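First chain A sits with chain B, and in the next complex the same chain sits with chain C.
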Partner chain A sequence: MSLKCEHIVKTYSGRDVLQDVSVEFQPGKIYGLIGRNGAGKTTLLSILTAQNPASAGTVTLDGEKVWENRSALEKLCFSREISGSAESGISAMKVKEYLRIASTYYEHWDKALEKKLVDLFQLDVKKKIGKQSKGMLSMVTIILALCAKAPYTLLDEPVAGLDVVAREQFYKLLLDEYTATGRTFVISTHIIEEAAPLLEEIVILHEGKVLVEGNTQEFLDTMAYVSGRDADVDAATAGLEVHHTETVGRSKGVTVFLRPGQRINESYDVTVQPVSLQQAFVALCGEGEKHEA
Partner chain B sequence: MRRNLKFWTRYTWENAEIMLSLTALLGVLMLLGRTRPAWDVFAARVPYLLLMSGCFTLYLVNTSSHTLYIPLLIGMGETRRNILYGFLYYRLLAILTTLAACGLIWALIPGEISRQGLRHLPILLVAMLLLSALGSIAGTLTVRWKWVGLVALMIPSGIFGGVIGYTAVGDGTHLEKVLQVVTRLLTGTVWPLVLVTIVALAADGLLQHRVAMTQEAKI
Partner chain C sequence: MVNYTSNEPPNRAADAAQIRKKGSAINERLTEQKSIYLQIGEMIETDILRGILLEEEQVPSTNELAKLYTINPATAAKGVGLLVDEGILYKRRGIGMFVAPGARDKILQKRRAAFAANHIAPLLAEARSLGITRDELLEMIGETEL
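Let's look at the complex of A and B:
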């Protein structure tokens, strides 16, 4: 019982956006899908929900292929960013109309929740999509994701453009929904620090490949921030995989990745601290070194 | 499939509102002409106005369906195959309802115009199928090349605008002349028209399938 993709490749104009990606999403968990811009997050989410054909590879839900399979697609919802630009045909559509079409197609659409969320977000549903702000459009995608009641719900940048109050509202609503229904959520976000407490599992995409897949806490336990005088830090982390270095004068701080059985030699005069998900992500996918005089 | 049919049925009625508005506009222009036709003659001509508006609406809506509604429905989790079936259902429903309305009006109003109209129903069906296929082909091409869509929209809009202008500046008989020319063209080229329609429908089917199966549901 899972949503699974195997050996997914997606090529756009000769460029591999996804390269042999295999990931499995278990039911009843909240996943975080993180990666830098252009890492392939939206492409992966759209392929998982059959909204974009893969160049190679397969996607299955509970063992059944998802592509052109109505019974599998009914269990999936991909709430992606809506473009409100004038060029987009949807800009002339009213939010009310968009939600009506969604309620027609999603079998378990929750009309009462839709009304509650529209009131909570103070959304003017009679206004055209093109006239809504970026934050308001994010609210529409959140309403779609929560009201569709799909067992597997994938959200692409759900909090983009939302102010801090609305973001907090969203995290609370998501958690309430998760607690009440046990639905699986996959959330792609750049606001890692805020979303981190929700993310039980993590998938990090980097340059079209899966860099990390697993339990968030277990992943964070494999990383540490070591700081002190540069010679001590070098000695304490000798033989370890160093991902990010910061130097200020003769002081040094490094983020290290610990493979099974490896440990930091704390007999040297160094401070070892746990890292946050954002720090770990920057260490793995960032530029590597940072020096300050 | 039930939800899919529900959407496309509603879509048909929503577009029928546009078609009826255009028909009303043409009808008013015809009545405002210098030589106002007798009511029974006017009523017998209404189906032609309905057909003109129907063809124009069908063409335009087919173009926008491919760029907006089909990706939107893919995004809502419907299969591409079902969406294409739904789209075909909408087109047939729109064409058959329009023709049924025309047939009914002609059957109720006696006279030469009605007799001719009823006789021409099969060829009018072919003409509507052809226009519907051409609009859909323009739509599928627009998914890949936006400028094709722009050109495809400009041509029928220009023609329809010309018809409205011609009707507005002249008396009611001008529109009748247009209709006579069109009818003569249609009845004089039945078999070539049928052949072209079959080719257009086949090309439309192939293109739709090709585009739908490779399209990303971006809105």
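Let's look at the complex of A and C:
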């Protein structure tokens, strides 16, 4: 029982957007999908839900191929970002219409929840999609994701346009829904710091490949920030995989990634601190981004 | 310890927590400096120590804790599980988690045992780097009301 993709390759005009991506999403968990702009997150989510064909590889739900498989697709909901621009083709549609169409598509649509959320977000459903703000459109994608009641729900940047109060509301709503139903959620986000405590599992995509896949806490336990006098830091972290070195005079700070069995030599006079998911992500995926101290 | 604070990520959450050390520990804010599940366990312990949660009383469910802190319920369950393993909480099947009899004493013993490592060692390290002598330190402690 899981949503699984194996050896997915996606090529757009000669460029490999996804290169041999294999990920498994177990039921009953909240996953975070994180990666930089252009890492391939949206492409992966759309391939997982058969909205986009893969160039190679397979997607299965509980062992059955997802592509053109109605019974599998009914268990999946991909709530993608809505664009209000004229080219999107739905800019003239009222939000009310959009939600009505969604409600006929998703068999288990929760009408009462839809009403509750529209009221909570104070959404003007009579206004056309093209006239809604970015935040309002984020709310529409959240309403779709929560009301569809699909066993596997994938959200692409659900909080992108939301202010901090609305984001907090979303996290609470997500938890309400998750604790009540145990549905699986896959959430892509750039606001890592806020979402991290909600994510039991994480997948980090980097340049079209899976860089990290696993339990969030276990992943963070393999990383640490070591700082102190440069020579001491070098000695304490000798032989370890070091990322994101920062120096100020004789002082140095590095983020280390510990492989099984490796540890920091704490006999040197250094400070060792845990890193947050955001700090770990920046350390692993922000390389090449040189900056002056 | 020689630490160049310039390179350490700021710890504002922890600073704020210092100011706000009043009332229920369960209502404290989380910091980034420690795994969340450990903090959940410690907050429940602190509430038991302060008599906010009494022995044989039910503690908030993992779902309630998850919503309170906006964290994954699995993380809350891990924190509660630690206390169950230590005999501080126990499970009543189909009802929930309760504070075990003798839990307060157990927490007191545990925290006393860890007091030197958690509080005196960093105090001495700071004193050493400031050049405060043992006698000066003892004198300061003597002058400070407990």
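Keep in mind that, in the parts below, the second predicted complex is superposed on the first by the 287 of 293 C-alpha atoms of A that agree within 3 Å, B and C clash if a C-alpha of one lies under 4 Å from a C-alpha of the other, contacts with A are read in each partner's own complex, and residues count from 1 in each chain.
In this text, a residue touches a chain if its C-beta (ideal position, glycine included) is under 8 Å from a C-beta of that chain, and two chains touch if they have at least 3 such contacts.
Given the structure is predicted, the values throughout are model-derived calculations rather than measurements.
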Item to complete: Examine A:G89 and indicate which partner it touches, taking first as chain B and second as chain C; both and neither are also allowed.
Response: first
Discussion item. With both complexes overlaid on chain A, does A:L76 touch chain B (first), chain C (second), both or neither?
Written reply: first
Fill in: First, second, both or neither for A:L198, with chain B first and chain C second
second
Item to complete: Pick one for A:E241: touches chain B only (first), chain C only (second), both, or neither.
Response: neither
Practice prompt. Could you look at A:T104 and tell me whether it touches chain B, chain C, both or neither (first, second, both, neither)?
Written response: first
Discussion item. Per the contact definition in the header, classify A:T49: touching chain B only (first), chain C only (second), both, or neither.
Written reply: first
Discussion item. After the superposition on A, what does A:E266 contact: first (chain B), second (chain C), both or neither?
Written reply: neither
Response to the item:
Footprint intersection on chain A (chain B / chain C) at none
Worksheet item: Quick one: in the complex, what on chain C touches chain A?
Response: 1-4, 6-9, 30, 32-37, 63, 66-67, 69-75, 78
Discussion item. For a test of understanding, state which residues of chain B touch chain A in their complex under the given definition.
Written reply: 3-4, 6-7, 64, 67-68, 72-82, 213-214, 216-219
Worksheet entry | Interfacial residue positions of chain A with respect to chain B in the complex | 46, 49-53, 68-70, 73-74, 76-78, 80, 82-83, 88-90, 93, 101-102, 104-107, 150
Worksheet entry | Complex contact set, residues of chain A against chain C | 29-30, 168, 171-172, 175-176, 178-179, 197-200, 217, 220-221, 225, 227-229, 246, 248, 250-253, 269, 271, 273-274, 276, 279
